[in-house]
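Below are the C-alpha cells for one structure; questions will follow.
Residue numbering begins at 1 within each chain, and the chains themselves are lettered A, B, C and D in the order written.
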Amino acid sequence: MTLSAYLALALILFCIGLYGALTKRNTVIVLICIELMLNAVNINFVAFAKYGAHPGVHGHVFALFAIAIAAAEAAVGLAALIAFYRNRKTVQVDEANSLKH
Amino acid sequence: MMNLAWVVPLFPLCSFALLLLFGRKWKKASAYVGIVATLLSLLAALGVLAGRLGGTTYEANWTWMQIGDVTLTAGFSVTALNAWMLVVVAFVSWLVHIYSQGYMAGDERFSTFYAYLGLFTFAMLGLVLSPNLLQAYIFWELVGLGSFLLIGFYFYKEEAKAAAKKAFIMTRIGDVGFFIGMLLLFWQTKSFDYDDIFRAVGDGTLSPGMTTLTAILIFIGAIGKSGQFPLHTWLPDAMEGPTPVSALIHAATMVAAGVYLVAALFPLYEASEAAMMTVAVIGGVTAIFAATIGLVQTDIKRVLAYSTISQLGYMMLALGSGSYVAAIFHLTTHAFFKALLFLAAGSVIHAVHTQNIEEMGGLWRRLPWTAPLFLVGALSISGVPLFAGFFSKDEILAAAWLNGSVELFWLAVAAALLTSFYMFRLFFLVFTGEARHDGDAHEAPMSMVGPMVVLGVLSVASGYIQTPWFGSFLGEWLTDGAYHHEAAPGWIAVVATIVSLVGILLAWLMYGKRTVPRDWLSARAPHGYELLRRHYYVDDFYRWTVVALVSFISRLLAYVDRYLVEGIVRLVTGTVSAAASAGSRGQNGQAQTYGAVTVAGLAILVVIFALTGGYWL
Amino acid sequence: MNDVWQANWSMMTPEWIVLAAAIVLLLIDLVMPKERSRRPLAWGAAAGAVLALIATAAMIPADPVSILHDTFRLDGFAKAFKLILLAGGALALLLVAEWEPKEGSHYRGEFAYMMLFALLGAMMTASSGDLLTLFVSIELLTVSSYVLAGLRKTATASNEAALKYVINGGIATAIMLFGMSYVFGLTGTTNLGDIARELQETNEPYMLALAFLLLLIGVSFKLATVPFHMWAPDVYEGAPVPATAFFSVVSKTAGFVLLLRLFVTIFAAAPAEGRDPSSLLLSMQPVITVLAGLTMIIGNVVALRQRSLKRLLAYSSIAHAGYLLAGFAAMSWAMIDSLWIYLLAYVFMNIGAFAIVAHIVNETGSDDLAGLAGLYRHRPLLAAALGLFLLSLAGIPGTAGFIAKFYLFIGLVVTEPGHYVLATVMAVTTVVSYVYYFNLLVQLFFRPASLAPLRRLPAGLSTAVVLCALGTLAIGWVPDLAYDVLAQFGHFGDFLP
Amino acid sequence: MSFLSLLVFSPLLGIILLAFVRRTDTKTIQWLGTAATVPPLLLALFAFIRSGSGFRLEQLDESYDWVRLANLPFFTDAAYVIRYELGIDGLSLLFIVLTAVLGTLAAVASLLIKVEKKGYFMWLLALEIGMLGVFAAANFIWFFLFLEVTLVAMFLLVGKWGGFERERAAYGYLLYNGLGSALLLVVIAVLVARTGTANFALLHETLHNPVAEGQLIAPLTAEARYWLLGGLLLAFAVKLPAVPLHRWLVRVHVEAPPPVVMLHAGVLLKIATYGMIRFGIGLFPDEFRAFAGAIAVLGVINILYGALLALRQRELKHVLAYSSVSHMGVVLVGLGALNEAGIQGAVFQSVAHGLIAALSFLLVGVLANRIGTTDIHRLGGLAKAMPIFSGYLLTAALALLGLPGLAGFVGELTAFLGLFETKPALAAAGALGLIFAAVYSLRAILDITFGHTRERYESTLGLRGAKESAASVSEPRVIDLQAKEAVPAFVLVALIVAVGVYPQLLAEPLATVLETMMNGLGG
C-alpha cells in the first residue's frame, strides 16, 4: 500500500515536471522542471529499494547516480543557456527558434 | 527446270538491289538493268511453264523458323496455276519495263523508279511461287510495299502522298483480316502449307464453322488487295502513280492477287457454301457498283481504275460461282487488255499532258498507233465477240448462270452493259470529235508503242486458249486434265454480245454522234449523278464514321493520358510534396513542441495499450 | 572489494586507451600556450581512437568475459559494436582536426577530448551488463554531446542547438530513467541478466509494458526515431559539422547498442498478455514496426524540402534510423548482424559525406546545397567521392549501402510471417530518398559552377574521405570483408547473459 | 576462363582510359569511347557464332565466392552464400548480342554529342556494362546490381545531356524505375531469404522440386508465390512499360539524347521482357498461368493505347515513344499466350524492336541535328533535300509498322501466333493494332519526307544557307546523311532485314531455352 502511494507521488511529480518543461517559457524553469522529473524518478528508486520486491541497496545507489548525472546535466544545461543568453540576450526558450523547418 | 523456279523472282530482286546501290551513277542505263532482269525472269518463267507442261507439281521447302516442335517453312512450289501466273506476271512486267523507258524518260529519279519496279516484280513473283499461306502473306505485303512506293513516286505531290498512304492503309485493313484468318487456320491445321490446309479441309479436321470463318477472313485480305467493295477506295486514288505503274500493278498483276489468292485456296472456299456466296456477292456487287461510278468520271485513269475494280469483281463472281477456270481466264485476258488500255492511256497523257478527258478529243489522227490499240483494248473489255474479253466474260456469265444465282447473273449482265458504255464513252471523248486541248500531241516513241502492240495482239489472241469452239486448253491445264466444260446455254453468249453492242451504241449516240445530250443523266437525276460522281460518298462515309471514330477515341485517350494517367501521378507526387511541406512546417523550431510531440506519442501508445487491454492484434 | 582488484582489467584496454588519451589531451590543452594550434590534439585523439580500435580488434578471438559483478561484459556484441564506434569516432576526429569555424578554432582541443569522452560513453554502453552502467555510460555520451553541440560559444546557431539538445535530452533521460525505475522496481535488481530471469516470474504485466513504452520513447531520443526525432534536424544543423557527423554515426550506433542491450536482454523473455505470451518484445513488435515505418516515411519525405546540407543529412539520418529500427522490429535471426553491417556501412558513407560537407562549410561558410554546384568541374574526384557516398546512402548497388540494406530486407522477410508491409514501406521510402540524394548529384554534376573553385581538401578530410570511400566501395564490391569480420562473432550467440 | 567477365567488364577499360584524356580532346574521346565498345561486341559475336556450331554455353559459366550472408548452425553450408556468378543461355545471348551491337552503334552515333563528351562516354560505357551484366548475371543479386548501374547511368545521361526538360525526364525515369527496382528488390529479398540462394538455377530447383521443398529455409506458401510473381511482374511492367505506367518513357524518349534513347529503347526496355521470361515464367510457371490472361489483355491494351495515341502526336519523338509502348504490348501479348510461339514471339519482338527503335532514334538524332526540329508539322518534303536520309527513315517506318521481310513482322507474327492458339478473340482485337501501326508510322514519316517542302522549314534552311553563303539562299542546302552516320544506319537496316528474312537466326539459340521453359510449364 505504502509503495503505491510513493509511486503515485513520483508519477504526479513527474507529470508536473513534464508539464512545466513543456510549457514554461523561461529556460531556467524548464531546466528545473527537468530536475523535478529526474527527482521523481529518484523517489521511485528509493521507494522500490525500501518497499519493493527485493529490498536492498541497489535502488539507493541508482538514485545517487541519478542525482549526480542530473547535476551534470543541469550544469551543462545552464552553461548552454548562459552562452545562449550572451548572444541572444534572452532566456526565453521560445525565442530559440532560428533553426527550424 | 522447275527446281530452279526460285530464280524467277531473284532477277528483279537483283535489279532492285543493284539500282538502289548504283542507280544514281548509272542513270539512264538503269532501265536496261531492269529490262534485262525481267526478261531473264520471263525466260525462266517460260522454262518453268515448259517444265510443268511435261511434269507434275513440284514443291521444295526449307526451314524458315522453328517454334518448338513446329517448323515454319519457306520454299516454292510449281503448280499449274502459278506456273501460268508466273508467265503472265513476268511478261506484263517486262513489257511495262520497256514501256517505262520512254514514259519516264527525263525523270530525276529514273533509276529509283526502275528499282521500285524491280522490287514489285520480285514480290509479285514471290507471291505467286509461295507454297504456303505465311509466305504468301509476306509477299502479299511486299507487293503492297511496291505499290505504295510507286504510287508515292511523285512524293512532292501532296495527292501522291495521300494516295500512297491510303493505298497502304486500306490494303492493310484487308491484310489484317488475312493475318487473323491465316493464324486461326494455322492452329486448326498446324501448318501454313496449302496442301496441309486442303488435307484438313478434306478430312474434316477443320470444322465447317471455322472453314467459313477463316475463308471469309482471308477473303477480306483479297477484298483489300483487289479493290473490292467496300475497301476499293484506294485504287482510284492510286492513279496518282506513274501510268506504267497503274498498268502493271493496279491493273494487271497486284490487284489480281486477291483473285489469285482465292483461286490458290479454292478447295478451302469450295468447302464452305457461305464463303462462296460471300465471294460471289461481293464480286457481283463490286462489278456493278464500280461500273456505275465509272460512267461519270472525267479522269481517264480513274475511269480505267473503276473499270479495273469492276472487272476484278467479275473474277470474284466467277470464283464465288465455283468457276475457278473462268476467273483465271478472265484474270489473264484482263491483264493483257487492261494493261494495254492503261499503257495507251499513258501514251495519251504523255501526248497531251492532262488526264482530264474533257480536255482531250480528236486524237485519232494524232496518235496513229495508240488510238487503234486503245480501241482494241476497249473492244476486248466490252466483250465484243472474237476479242479475248468476250470469251472470258462469257465464261463468267455462264458460270454465274450455272451456279444458279440468277440475280448475280443479271447483275453481271448489267455490269457488262455499263462497261461497254463507259469504255466507249472514254474512247469517243478522247479520240473523236474536235480537239479540246491546245498544243501539239505526238505519238509516243517506239519503246512505248512496241509493248502496246504486243499487248494489243494478246488482247485478241489470249481469248483463244479457252473457247467453246477450239477447246478449253486453259481449263485442262489448270485442272490437270480433269476439266470438263459444262455447256452453257447458247443464249448467254448472245445476250452478252447484245449488251456490249448496246453499250457501245449508247456511247456512240451520246458522245460520238451526240444525238442524245450529254447531260441526259445529270439533268434527269441530278442527285443520282452527283452520287455517282462522288463515288457513292464511300470516302466521305469513311471519313465521317471510321476515321472520325478513331480520331475521337484517339483524342479521348490523349486526354486520358495527359490528365488521368498523368493526373494520378501528379496526385501522388503532389501528396508527397505536400506532406514534405507540412512536415517541414511542423518542425517549428520550438524545443518544447518537439518534447510535446514525443509526450503525445507516448500518451497515444499508452492509451492504445490501455484500451486494447495491453497489446495490439 | 577484492573483486575490484582481481578483476581482469585488461578486458577494458580500449576504454583505458580512450580515457587516457582524453585525459592526456585535456592536460596538454591546459598547459599548452594559447596561441599554439590545437590541430595536433585532434590528430592525437584520432590516433588514440585508432589505437583503441586495434586493441579491440586484437581481443576479438577472446572468449566472452564479464567482470565487476557482471556490470562490464566483453562479449562478441560489445567487441563488434566497439569496432564501429571507434571507427566512427576516429573518422569524426579527423573532421575535428580540420574544423575551421569563422570565429577561429580555439576550442579544437576541447572538441577532441570531449568527443573522446563521448566515445568512451558509447563504448561503455556496448559493454554494459547492468542497468546502472548502461544508464551512466549513455549519459556520459549524451552530456558530452550537449557540450559538443554548443562548442561554438559565439555562434547563436550552436548555442541554440545545445539548448534544444539539453532540453529534449533531459526530458528523454527522465522518461527513460522512469522506465528503468519500474523495471528495477519489478525485479529489485539492476543486473540485466538477473532482471531477465526475475521478469519471467513477474505478475505485473501492465507495469512492465508501461516501463517498456517509457524506455522505448526514451531510447528513441538517442536513435532519433519517431516520436522523438524532431530535435535532430535543429541540433544537427546548429552543431559544428564534426559534431553532427559524430552524432549521426556514433550516437546513433550507441543508441542501437542501448536498444539491443536493454530490450533484447530484458524483454525478449518477459511474459506478456498479447499475441506472444512468452515474450513482451514480440508482443510489442507491432508498436516498433509502426514507429519504424513512420520514421522512414517522415525522415525521407521531409528531407525532400531541405536546402541546408546538414539539415538534409539530418533528415536522412532519421530515415536511416528508421531502416535500422525496421531491422530491429523484424526480430529475425539476422537482427543484430544486419544492424551491425548497416551501421558499419553507415559510418563510412555518412562520415564521408559529412567530411565533404565540412570542407564546403569551411570554404564557403554556408551549407546551402547550392554550394555543391559545379563541384565536378573543379574537383572531379571530390565530386565523384561525394557521389559515391550519396549513392551508397541511397542504397544503390555497388556500394556498402546496398549490401547493408539488402541484409535488412532479408531480415524483414525471413521471419514467419514476413514483414512484407514494412519491407515495402522501406523500399518505397528508399525511392523517395532517391529524389533528394540525386538532387545533390544534379547539383554536383549538372549545375554550372557559380563560386570560386574550392581549395584542395586538407589532409584530415582527405584521409577521412579516402578511408570512407574505400570502406564504401569495399563493402559494396567485396562484402565478404565485412561479413568475415561479422562471422567471427558467431551471430552473437553469447549475447544473452 | 573468365570469358563472360571479360565480356561484361571490358568497357571498363575504356572508362579508365577516358579518365586520362583531356576534356577538350573530343576526337580522341569519340575514338576511344567507340573503340571501348568493340571488345564486348567481338566477344558477343564470337559466343553467338560458336553457339551456332554446337558450343555449349554452360561452359562459359563463372562462379566465384562473393559473400556468405549467414552461417548459422541450422543451415546447410551452401545456404546464404551469394556468389559472383555469370552464366548465359540462348536467351541471354540474344540480348547480349543486341546490347553489344547497339552499344557500338550508339557510340558511333554519339558523334552528335558536343558538350562534356568525356563524362558522356564514361557513363555511356557504364550503361553498357550495366546492360551486359543484367543479361549475363546468373544470380539475382548481380542481376539487380547491374540493373541499378543502368538506373544511375541513365539518370545522369538523360539529366545532363538531354533536351530542355531533361531533368524532369531524368527524375521521371528515376522514380518510376526506382519504384520498379525497389519492388523487385523486395521480391528478391523474399526469395533469397526463404531459399538461401540467389542463383537462378538453384532457385528454380528449390522452388520446383517438391522433394526439395524441405530445403526451403522458411516456407513459401502457394499464396506467397502468387504475390511474389505479382510483384515481379509489376516491377517489370514499370520497366517495359505497360499502360498506365508508361508516362516516364514518353518523356525519356523525347528528352534524352538520341544515342542514349537508342540504347534505352533498344535494350533497357527489353530487360523487362528478359525478366518476365527468366523470372516470371522460369521460376513461377504454374502461377504464371493465372496471370497469363491479364497479361495478354494488358498487352492488347498497350498495343491499341500506344498506337491510338501515336496517331495524334505532333512530335516525331512522341510518335516513336508511343509506338514503343505499342510494340512492347506485343511482348506482353506473347507472354500472355504462354506457349512456345508466344514466348519466342516476345523475345523476337524485343530484339526486333530493339533494332528498329535504335534505327529510328539514330535518324531522329540526325534530323534534330540538321533541321533543329523534329516537329512533324514543321517538316515536309524532306526527301528532296535529304533523299538518302529519307530512304532510311522510310525503312524505319516500314519496319515499325511490321512489314514482312523486316524484323518487326517476325516478332509480331510469332507473338500473335502464340496468342491465337490460346485466346483467339483477344488476339484478333490486338491484331487491329497492325492497322493503326501503319497509320501512325506512315502519317509521321510521310509528313516529314513527302509532300510539299514546308515554308517554316524552308526558312530554317534559308537561314542556314544565308550563313554559309549569300548566293545559296535561293537553293537551300541541307546536308544529307553522311557516311559516318550512314554506317550505323546501314548496319541496323541490314540486321533488321536479316532477322526479317531468316528468323531462324534468332530461333536457334532460343530452342533449348524454350524447351526447358515449356517443360517447366508442363506443356
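Definition applied: a residue touches a chain if its C-beta (ideal position, glycine included) is under 8 Å from a C-beta of that chain, and two chains touch if they have at least 3 such contacts.
Because the structure is predicted, anything quoted here is derived from the model rather than measured.
**Q** When the contacting C-beta pairs are counted for A-C and for B-C, which pair yields the higher total?
**A** A-C
**Q** Hey, which chain is the most central one here, using CA centres?
**A** Measuring from the global C-alpha mean, the nearest chain centre belongs to D.
**Q** CA centre of chain A versus CA centre of chain C: separation in Å?
**A** 25
**Q** Taking each chain's centre as its mean C-alpha position, how far apart are chain A and chain D in Å?
**A** 64
**Q** Just the number, please: Cα centre separation of chain B and chain C in whole Å.
**A** 77
**Q** From the C-alpha centre of chain A to that of chain B, how far is it in Å?
**A** That pair's centroid distance is 95 Å.
**Q** For chain A, write out the residues touching at least two other chains, lowest number first.
**A** 18, 21-22, 30, 93, 96-101
**Q** Note the residues in chain D that touch 2 or more other chains, in rising order.
**A** 175
**Q** What are the residue numbers in chain B that touch two or more other chains?
**A** Counting only residues that touch two or more other chains, chain B contributes 584, 587, 589, 591-592, 595, 599.
**Q** Give every touching pair of chains, nothing left out.
**A** A-B, A-C, B-C, B-D, C-D
**Q** Please output the residues of chain D touching chain B within their complex, sorted ascending.
**A** Listed in rising order, the residues are 175, 243-244, 246-247, 305, 308-309, 311-312, 339-341, 344, 381, 383-384, 398, 401, 403-405, 409-410, 413-414, 416-417, 420-421, 424, 427-428, 431-432, 434-436, 438-439, 442-443, 446, 449-453, 502-504, 507-508, 511, 514-515, 518.
**Q** Could you please specify the touching residues of chain A with respect to chain C in the complex?
**A** Contact set of chain A toward chain C: 7, 10, 14, 17-18, 21-22, 27, 30-31, 34, 37-38, 40-41, 44-45, 47-48, 52-56, 58-59, 61-62, 65-66, 69, 72-73, 76-77, 79-81, 83-84, 86-88, 93, 96-101.
**Q** Which residues of chain B touch chain C in the complex?
**A** Residue positions touching the partner: 576-577, 579-581, 583-584, 587, 589, 591-595, 597-602, 605-606, 609, 613-617.
**Q** Spell out the part of chain C that touches chain D in their complex, as residue ranges.
**A** These residues of chain C touch chain D: 333-334, 337, 376, 391, 396-398, 402-403, 406-407, 409-416, 418, 420, 423-424, 427-428, 430-431, 434-435, 438, 441-442, 445-446, 478-480, 483, 487, 491.
**Q** Using the touch definition up top, name the residues of chain B that touch chain D in the complex.
**A** 63-70, 134, 137-142, 145, 152, 155-158, 160-161, 164-165, 168-169, 172-173, 175-176, 179-180, 183-184, 186-187, 550-551, 553-555, 557-558, 561, 565-566, 568-569, 573
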